[in-house]
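Mind having a look at this structure? Questions to follow.
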Amino acid sequence: MDFELSQDQRDLQDGIRAVLEGSLSLETSRGREGRDDVVDPKGWTALLDAGVFGLFVPESEGGVGLGLAEGVLVAEEMGRVLVPGPVLSTMALAPILDAARDGIAHGLFEAPARGATAPGLVEHPDSIHALVLLPPLEDPVTEPTLIEHGDLRYSQVLEPLDPFTPLGVLQEPYPVGVSLEGTSSPQLRQRAMVLTAGFQVGIATACVEQATAYAKGREQFGRPIGSFQAIKHLLADALCRSELARSAVYAAAVTLDDPVVATREADTLGCSVTQLQWRVVAGAKILADEAAITNARTAIQVHGGMGFTWEVPMHLFLKRARVLSSTFGTRSQLADMVAALI
Amino acid sequence: MDFELSQDQRDLQDGIRAVLEGSLSLETSRGREGRDDVVDPKGWTALLDAGVFGLFVPESEGGVGLGLAEGVLVAEEMGRVLVPGPVLSTMALAPILDAARDGIAHGLFEAPARGATAPGLVEHPDSIHALVLLPPLEDPVTEPTLIEHGDLRYSQVLEPLDPFTPLGVLQEPYPVGVSLEGTSSPQLRQRAMVLTAGFQVGIATACVEQATAYAKGREQFGRPIGSFQAIKHLLADALCRSELARSAVYAAAVTLDDPVVATREADTLGCSVTQLQWRVVAGAKILADEAAITNARTAIQVHGGMGFTWEVPMHLFLKRARVLSSTFGTRSQLADMVAALI
Amino acid sequence: MDLRYSDEEEQFRSELRTWLSGVLPNLPPKPSSTDWPGRRAYDAQWQRLLFDAGYAGVDWPVEGGGRGASPIEQLIFKEECERVGAPYVGTGFVGLLHAGPTIIAEGTQAQRETYLAPILRGDDVWCQGFSEPSSGSDLASLRTKAVRDGDEYVINGSKIWTSHAEVADYCELLVRTGPDDSRHKGITWLIMPMKSPGIEIRPLKTIAGSTEFAELFLDDVRVPVANRVGDENDGWRVTMVTLSFERGTGFVGELLESMRILRSLTEFAKRNGSWGDPSIRRRVGTLTASFDALWALTKRNVSEAARNGVPGVGGVVFKLSFSEQGQALSELAMDLLDRAGLSASGLNGGDGLGDLPNAEYVDAWMKSISLTIAAGTSQVQRNIVAERVLGLPKEPK
Amino acid sequence: MDLRYSDEEEQFRSELRTWLSGVLPNLPPKPSSTDWPGRRAYDAQWQRLLFDAGYAGVDWPVEGGGRGASPIEQLIFKEECERVGAPYVGTGFVGLLHAGPTIIAEGTQAQRETYLAPILRGDDVWCQGFSEPSSGSDLASLRTKAVRDGDEYVINGSKIWTSHAEVADYCELLVRTGPDDSRHKGITWLIMPMKSPGIEIRPLKTIAGSTEFAELFLDDVRVPVANRVGDENDGWRVTMVTLSFERGTGFVGELLESMRILRSLTEFAKRNGSWGDPSIRRRVGTLTASFDALWALTKRNVSEAARNGVPGVGGVVFKLSFSEQGQALSELAMDLLDRAGLSASGLNGGDGLGDLPNAEYVDAWMKSISLTIAAGTSQVQRNIVAERVLGLPKEPK
């Protein structure tokens, strides 16, 4: 057992970070804030070239042949700089769809739970080539369906909360798509959840780092504000949240990757492997969502009035954290799920 | 409108405080810690002489003729020094029972809600002359019944959480008591709730005061621990909790005392006077319970290791706060009640 | 501990109600939040109506041209206006609540004659130039420099968080006239006409996407010495005097607004089915209790102000508590909206019961983030409670 | 990021399991928590069993007589023992986890030969004399004075929070040998035999009513200079060296115990009907996620210790987070117990499903209050995270 990153994993992390710094820094991305098409083609190509979309595709099929453990590292790095666009869905779909592994953007959409009154909001409607529709959570059997972009009917949302996440309201009834035969909806959903949680850990981490840097430099009352305990303790708690969430996300990724680990752990807890998988995935996303949202709030608070300005990017972290926490289960829904599994 | 204390009220407050300092200081009471009879006869007589038990009895009947506004002030002072014994129930019952107004100790016991699995715990079983049984909350019609002490069957609880609150487990079925004709169960319950909330505010306040005093005197790292922001902010938040709860408790008391105020406020909120009364009483107890429990936790934390010793009395505040928060509705139950009223 | 209003107070309320019910139906529609000239005109019209009815400067002393109402009447005034949705003070905010009272207390007779009446009538709009990019919580470190040149001060520097700058006629400005390190002892309070050359206004976008605020850049702006309120280098005291006008009614509008939102949220929860979830109901119940308590605390604060002139401890307790509860309310709203909270514009909920309230709630959520920051961060407020109320020792420097 | 155990690790686990399953059924019943001699005898017997099986000092280096297990094996050892409810280290705590490792690292050859083997065999019990009434968070301010007199130190002062003092043979004692204001630079680490004249032991009752701890009053206690570990005035460094033996497994027992309590609470909630309340279920779900994450964090910390010798950042993160989650767990238990939480002794719940678990939960609740205090308050821990991990500047003094 060695739950630290391997050298290969560290190299991957460094490599992705370098690619993002070069092509998709937050400063670069902010140039496309609020656009219906937030995806910078050059940045997207850099992700493709770095192997992000082929990450989960076997080497025999021309991919990188890695697992979710590596996937969450990549997602985390993307979260740190708030990479815009349907990147997580395209990554998650790559093992299933040839087009996605070639970097052709795809969206992933959960059918609302029965009785839900919220509108069907699809992300990046103008940027995706097709939309994969997941059946509701309570249906683990039905396979996902694929709807071509041309068949989608949606109205653009005028003021999306997150300027990096344009939205459309899907018109009902949703078009009937093509069933993706042989694809497990639960597996796809879990993959998307873990990647989302990884992105959230990146957000949570970036918030701690940037707020810490600000607290070291900003002076009030003749000293750096980071020398006040009130600020120190806000940031210490934030670090605890991101580190705890990171542990949960890494463990969830490894548990999904490695059946030996899953079997042994399920055995220890006295549950089935399926139950264990849902438990660790849902638990990881609860903590990652909480860490991202709360750390972003903390980062705004530490920045004081400046944190409340549009110019300082802290609000973008908070808004994206909100977007991601509303996908594939909110914290309440996931807590219900975990409770139902024990 | 003048929501500050009147001069008479301030005098009452000072007077009661002097009586308590003289006869029922916390140091004095601690001498009877853990006894089945925690009531010090001298202290009890001092309360009787000070008019505590006749507070709500009309002057024409030999009482003091005051209302709940004054009642909560008295309860608050008693909470500050953790007066032991069935004092709140005896006070609450005094307008109904001649014996109670003469200072003969009486207990008040809520019939458990339907389906409840918790044991029927009666407080101070050895000290009370009789027990008044309130019908469950959902029954506003049935009158309370009185059971003489001799008819009670109970087993003593060996380790009550609060050493100032001895407990007995009532054996079922409970004896059939004498109906207190003409007595409104809801009114009696509300009176008991507001007095309890007042006592909790006293606890919450004492915790802030004592922890503040400790933080000024205790030095670590070469300075008083109260000069560290971490401690300051714990105490500032504690003060906010007790002040907010105090406002709610005073307002609830005045609303029950004064039908003109109740009618106008019900009118403003668009509800009935009965609904308004339950709303303010339940709301006050929610905040008072929360303030007492959380401030006691804060006080222990500020005292550090010493706060975890039996010798330092902070744990007694916490334990009593827990006892009182479990009577006449927990915070969850009361929040349900408030929500049902709006 | 008396919550009954006196006959005089009831009469004040009843006359106000009658007047409001007559005047409100005839108001024009509210301009869009980005139409600054429209907003100024709308607010000015409302202020003129108040003026003509004798309600302008209800909290101002009579000698300043106000109504000189008691703190209790001020509370009634704010409560009644809020309950019927009367216009807010809007662009008149700084003039009516801050600059005007300061000039009454500390201005010269000539200044009073010049500036007070146009504020009361709604003719003049004021803005505030206090905070600076490098002086937020620590206002006494402000750097905007004023150098005496004959009968004028020549001012250079920048200000931030200035509301309504685009339409303001005057700015209440704090400048450094003492040495760089003079802190509280080297600050002067000036009236700066906004048409003075050298003022650049740059709108400051908030995270809610709105531009309620602006930055001011001052480049050799000349202000007559006659526009100084109080002595040179005595501006800190002048500013503190203004704070002492608070009568405990500062947040009445925000509190009643929050209570209204909580009611509408409750209705929404009942419509969309989430009322069936006890944890939602309990959050609503607990918030209701907290807002009721804040309303009771407001009455305590106002009563204390009526007795002693200032609201005492309760003011900062209110600010800290309300900031938390206001954020808890908006978090509840976002949780109830779920995915609908991802848009700040209207969305159809598809529940057959009309539009979702999402635009309003999402906007309120974003604005609520500033509750623990604006007008003194909660961290600074907690220090104030700990040191000034509880008497805990100051930190070493 | 590999959570598979190696074949060697699996074999270690499997042998341990076999041994535990053979030895546990034959243990005598546990003595009452107040029977100190009984507890000492029970713990000594268990330690002797471990010793004979080669598991004594599993985390000690081989040269100290221990097993020299890797951090991963140490984790496995603690996990397996906890899962089958093997006895805790109990009165052997200070000797095995603290004094022994310190003597291995810093003691003389003679000290090693004298003290180590009896600890491993369970023959000697040690206690700790570090904290003082006036030195809690700020240990370096300790005042217990040791004055050299020939070949002895003469010691006066008092110590607090000393576990198992009543049955201890030795005390690891920190004393001031430098000037009063010498702080870290004037502290010496001594081995004090508990049978020395001049030691008074006074039990210290905690809020849970138990006397796990005692105060020590030292009146002219004489300790040979030969009992000094490390140089005079170098005791602070010796103490810090001991801390570096932590391999990230420090809280494994407490964590697995919390997970067990959460499972039993869940069963209780299902029995008593409160499982029907979604807010209860969600608290259980969220706590489950948090404890699972803490378990994952433990594995990260142990892995880092296996690589670099120390667990790194994760240790203090674990302590802070676990303290909060442990308290959240016990608050949940108290909420579920409702009125039954008012007694720390057994009560019949009257639900026809057997006794309530109240005594256990109430006791756990009271003890959980110390989580944010003992072994470094959360306030001190947050400072450590902020300054040592995040690199934020220290406060002015």
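For reference, chains read A, B, C and D in written order, and residue numbers begin at 1 within each chain.
The rule we apply is simple: contacts are C-beta pairs under 8 Å (C-beta built on N, C-alpha and C of every residue); 3 or more make two chains touch, one makes a residue touch a chain.
Only a predicted model underlies this, so the values are computations on that prediction, with no experimental measurement involved.
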Next on the checklist: From the C-alpha centres, identify the chain that is farthest from subunit B.
Outcome noted: A
Item to check | Contact-richer chain pair (by C-beta pairs counted) among B-C and A-C | outcome: B-C
Checklist entry - With chain centres defined as C-alpha means, what is the inter-centre distance between subunit A and subunit C in Å? => result 39
Next on the checklist: Distance between subunit A and subunit B based on Cα centroids, please, to the nearest Å.
Outcome noted: 50
Checklist outcome for this item: Between the Cα centroids of subunit C and subunit D the separation in whole angstrom comes to 53
Checklist entry - So which bits of subunit B are touching at least two other chains? => result 223, 228-231, 233, 332
Checklist entry - Which residues of subunit D are in contact with two or more other chains? => result 278-279, 282, 379, 382-383, 395-397
Item to check | Interfacial residue positions of subunit C with respect to subunit A in the complex | outcome: 131, 133-138, 141, 160-161, 204-207, 209, 271-273, 279, 334-335, 337-345, 347-351, 356, 359, 362, 366, 369-370, 372-374, 377-379, 382-383, 397
Checklist outcome for this item: subunit C residues touching subunit D in their complex are 277-279, 282, 395-397
Checklist entry - Within the complex, which stretch of subunit A touches subunit B? => result 228-230, 233
Checklist entry - Which residues of subunit C touch subunit B in their complex? => result 1-6, 9, 72, 83, 263, 266, 278, 281-286, 288-290, 292-297, 299-300, 302-304, 306-307, 313-314, 317, 320-321, 379, 381-383, 385-387, 389-396
Checklist outcome for this item: Touching subunit C in the complex, subunit B uses residues 1-6, 9, 69, 208, 212, 215-216, 223-224, 226-229, 231-233, 235-237, 239-240, 243-245, 247-248, 250-251, 253-255, 258, 260-261, 264-265, 268, 279-280, 282-284, 286-287, 331-332, 334-340, 342
